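Have a look at the structure below, then the notes.
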């Protein structure tokens, strides 16, 4: 019965609905962007309406929120955290630094495009993005999940070699457990 | 055989009931907290969504057998206490396993799960988990004292160690035990604060400093089972309090009303409280609540 | 204040003949010394004259002179005077004495110098890297290190930014908005 | 048959000792054969009620077995035999093995002798033999002998001399050493004697049972003797104190006109022992010390049960006594296994052995569950009966005290399991293998028995019931317990079987759900793969949290733990030494002084002659 | 009649004079002869003892002068028991010192003469029925004891010997005073006669005489505070002589004192006095022993303490008490001799005889250490060894007389005793051995002697019945004053023309 196509569809609908409305975020507060998270979560903008809620550890989280520039040193940790998260998982790039390097575009140790290294589902533009745009970003993510298009994790799995190559290019000494799920 | 099927059936139905009600209470907690903080807050059914999501999440790692069994341990506690605590007066709702002399059993089965889960948390090797466990156990050594004092006071006052007997006494006399044994009720109520682990006693899994403590390595299905067990256990505890102190309930609606009004206490207390350090909370429970417990025993012995 | 400063200068000059001083206004005095006697000067300042606190160690890259200049800033809480001790190192072989037995926290500054400028401190006991993990390029703070080229070579750049190196220009170009005069002074 | 039993043990001990000089194999064979032979004879040939008589030194000695002593011999021989198997493997390669096995067998012999003697003099002789044979074990390792060894022998001797005084008093009054006659004549003693004889006896017994003011020797002695023996030491030897206490309480205290205060005092001493033992166990970093303090605490419960003395309390005390032998034996053996495989017993040093020593872990887990009193294992049965008996006999505050001790016991229980078996798996211990089968199997056997007892406590309650009938209690079967049901005085009852089945059923159900869901995708990750802020812990980085484990809790109970009994004893000892040093100076070594002494003596006597010889 | 009690005096005296003469003929005879003599006397005493227990006291009159005028020897169960014990100890000490320290011929002659004299004197003290004669024997014993104390001729041993001599001469003085007092009052020196006529004495003279006796004999019996000489003498005398002191000399002293107090005078308060003085001796000695740094001094204090215990047991005064006291004396003689003998090998080459020098010595001297341990455990009173039974009978005796406080005190002191013995044992077995300590392996004969003692401890421990019969007879004979007087005086009357 479970393998039946129609019932699978129903299950998928329920699942996607649940995933959509329950986004537990792991805020990786790298740069100045982390300052925008508290207003987003507290009474003014109250992201909990959307089912957004903080998670304490990567094991429990659904969304990896990267709020700002990533030095190579931080990138290593972010990749580690991402790989520790459980499927399904999504990445939100937050602020222009994650998109094109932002004001750190010519820095000697800051990456300029996050999606070369991790599969980003949604980018939120701005330097800093206002809480409104953050909420808009979450809404976009929900839209994608509902449509079943937020498949960053799948992409990562499929193109793991490509990602690894890029990652290893900026992180020369690579000592991490293998990613195999 | 018939009995076994009946009890199994009863267990399933009461589990579903407890699950539903417990999760709803948790969702209402979030909603009410949000409203008090001048937020809109999530819908009341938010926790259902969370649980379903956790259940549908893929879980591809475990740290060993003990961690794998941890959630099952804690589920044993929840379901066993549900099976032993009579849901309605005269056990009208479903037959369950309750037996005479179950209060002492309940005291011990209530620590079975947390301890099992603590073992699971220990095996993950995450230092945060171990720290959380030590805090949880210390806090438990704190709040168990007033709780046991309250129960002992009831036991000696009514010469029984059975929940059903206590319920029947309340039905017969028409007087709730929270009025006839006020000190025991106070002690038990304050102990309940620790049992629910809301603020100010939430140091065990404080997300800010311990990364949710014992649960920090559990995600997906493990967290799913734990959350469900927590909700069921919360309902079971509330039902126990209602059974013991508030005269039980004759139907489910009354039960829900009574349990929810009882639930408001730790909830509201938690919303307006900051957080205690472990030794502070331990000392708190050995202070006023234990004094109330002692008074309850004296009251029971001499009146 | 001025008197104290002069007495400091005279004392230092008495003890270390080749120290060249420069008296700044307010509470600052500078000395330039050979690198060999830097530890002695600092020790003298610390133990005899009461400059208990090392505020900072800094480095200047004099690419034109082919030299590094190290600046040690020490502070006397009693006299409220800070003394800058300058010294110059050969840029090809920048080697300096380790000072962390005089001030414990000099350790941190020295590790930073080592990574950022490639200055070797003899006897510095800190095998692991400090700020730059996995760094394999030249020391990035040296003036002959071309940051932009390095970044362009190492990090993939998202296409479409070539024309938008300068934000103001781009704004001008795209929207036709006229920049105010003061903004033009800060042109890249 | 008793002769044969004793001569087998004595002869076996001597033969083992001698065989040590010839070959190790011969010695081990003798040792095992002796132990097995004794057990076999005990189970097959010994008849309850048999008596043997002979006289020595103008005293009539009488040995015999009744159900009560049979119950305790069961503990001794059961644990002794398993520990003997364990010892063969544990002691391999150590020094002075002949000495070890000799003392082992002698202490088994003396324990059997204690429970089988029917007269005071052989009771005392066996008691002292037990003391020195166990003293040999305490000093076997040769560490801390001057401290722990002297502590142990001093306290034991104190107890023994108290008992000797009591025996002398009894003998002087009734001119007989038979225990039966002592009991039957007890009513005719003067009131002062009626109080003092039991007190003196109880002093002796509470030393061995490590009761509160006299427990000081226990942690050191338990942790210094080899673990193979400590399981017997803590499991069986301390029960001899309980044996004596039960005897005294049942036969003497209950005949006192005002026995209530007696019982209250002892019950409270037991409870305080339990609390303080627990608190100190929580503070330990050394697993042996932890278990030693835990033993003190557990014996506190038993003492409370004995002191209360209703039939339910006595039943629970007897049951807990056997149970304590089982689980504490297992735990000490587990510590021994860890010690043998890793070379250390510190929680702060060993971690993550669960995958290296799974069987040891399982045995310890079951033993710990039983120790904590958590259903569905046997420990719960004992705890339940104890609580019920306390409540039924109106000792309400005592219930709280005992409950506090047993709740706090969870803390050290968890510490034990976590410290050794859980936590980060370190590279340092990667080489560790599971202990040899000879060590693991005894542990697993005992742990398995604990599981069975959780459902069918009647297995053990039946002999306990028979033993109690020997002591003059009414049969309790049917109104306090049946094979898997427990009752209390108010008619409440616990049906154990459905509970155990329910627990097992629920557990298995959810375990299956957990396991089946995503079975294919799930894989094991090492304990280095944890979420620690994105850091990858290196091989040598130890993230285990095991130092200052319960610091907050200990801070909370700090005021209670500031005073230690042992410091008081130490100060007393230091004071005594000062006095001794002063006395020593009376003998100045100077001839004139001595002559003056003589003259002073003469003068004093001459002056006081009328007072002295008047 | 196998032999006469006179032989106990005569033969060893004769042998003592023969030794140097025979030595010129055959050097080895110096060493062998005392042994033969003692062996014969042992045989003699055992047979006599057996006879005496069954048929009654033998009174031997010397030179035909009947009591109360002549000198007589009384071989009652009590004196017989002590004689047997002394000769047994003497024999064992002879075995032990057969090759003692490989002393040369001259020294050996002196040593064995003095040893024989010591034994003769002690046996004489016990056997004689005449009070002046007893005084003479005491002098014989004392003088040989002084000489033996100074046997090593070192500075310390000379000093110890001098102290002993000094205090000993005080003892002689008081004894002589007491005897003179009695003679002036009663005109007799025969003990039985004195006992029979004691009521004729003026009470104040009686008490005065008693006090002089107590002072004089108390010095020999090591009661506090008259025992200042003892630790030094024990510590400085050769090992076997220490054993002889504790096994033979002190026993004779205690016997003399008890005989005077129990038989000669019947003064109220003696029992209480004995108990008090015994307890004081016991407590002070045991307390002093704890902090001793010298092994032999420690043993000496322990010995004093044990004698205090014996005196307490005598002080109980009942038959059980006397039985316990005799049992304690017996056990103490055996066990303490074993401790002295084995202990002197533990610190053989050490100059200071420090306890710290026995650290870890068990690896080199397993048998000696084992015997020392056995002795320690036995003397502390742990069953199933000999010491337990005597302590046990002492306690029951005290309990029978309702002396509960004494039980408490005795047992607390036993705890102290236990501490210092076990400290030494722990050192012997578990401490790391000091490199500089040189170990001397015991000779075969020493091992034999110590083994014999160990065997005795075990025999008495496991089968106390082997001695209790004799002890009962002895205690009865001590307490039955009338019978003693009757036995002695009737012998005289029979012989009167």
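First chain written, first letter: the chains are A, B, C, D and E, and each begins at residue 1.
By definition in this document, a residue touches a chain if its C-beta (ideal position, glycine included) is under 8 Å from a C-beta of that chain, and two chains touch if they have at least 3 such contacts.
The structure presented is a predicted model; accordingly, all values stated were derived computationally and were not measured.
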Groups of chains joined by contact, in the absence of subunit A: B, D, E | C
{"item": "Of all other chains, the one whose Cα centre sits farthest from subunit A", "value": "E"}
{"item": "Chain occupying the most central position, where position means C-alpha average", "value": "D"}
{"item": "Dominant interface by contact count, named by its two chains", "value": "B-D"}
{"item": "Remotest chain, subunit D as reference, centres from CA atoms", "value": "C"}
{"item": "Rounded Å distance between subunit B and subunit C, as computed from the means of their C-alpha atoms", "value": "61"}
{"item": "Centre distance in Å when subunit A and subunit B are each reduced to the mean of their C-alpha atoms", "value": "35"}
{"item": "Length of the line joining the C-alpha centres of subunit A and subunit C, rounded to whole Å", "value": "39"}
{"item": "Where subunit A touches two or more other chains, by residue", "value": "57-59, 76, 181"}
{"item": "Residues of subunit D engaged with two or more neighbouring chains", "value": "521, 523, 525-526, 528-529, 531"}
{"item": "Overlap residues in subunit B, where contacts from two or more other chains coincide", "value": "58-61, 211, 216-217, 220"}
{"item": "Pairs of chains satisfying the touch condition", "value": "A-B, A-C, A-D, B-D, D-E"}
{"item": "Footprint of subunit D on subunit E - complex, ascending", "value": "159, 162-163, 166-167, 170, 174, 207-208, 210-211, 214-215, 218-219, 225-226, 228-229, 231-232, 267-270, 272-273, 284, 287-288, 290-292, 377, 380, 382-384, 388-389, 391-392, 395-396, 398-400, 402, 404, 407-408, 411-412, 414-416, 418-419, 422-423, 426-427, 429-430, 463-465, 468"}
{"item": "In the complex, subunit D residues that touch subunit B", "value": "352, 354-355, 365, 372-375, 380, 383-384, 387-388, 391, 394, 396-397, 399-400, 403-404, 407-408, 410-411, 413-414, 417-418, 422-425, 486-488, 490-495, 498-499, 502-503, 506-507, 510-511, 513-515, 517-518, 521-532, 543-546, 549-550, 552-553, 555-557"}
{"item": "Contacting residues of subunit A [partner subunit C, same complex]", "value": "72-73, 76, 99-101, 105-113, 116, 166, 169-173"}
{"item": "Partner subunit D, residues of subunit B touching it in the complex", "value": "7, 58-66, 68-69, 71-73, 75-76, 79-80, 83, 97, 99-102, 104-105, 107-109, 111-112, 115, 118-119, 122-127, 130-131, 133-135, 137-138, 140-142, 144-145, 148-149, 152-153, 155-156, 159-162, 211, 216-217, 220-222, 225, 277-279, 282-283, 286, 293, 297, 300-301"}
{"item": "Subunit D - residues contacting subunit A, complex", "value": "521, 523, 525-526, 528-529, 531, 533-536"}
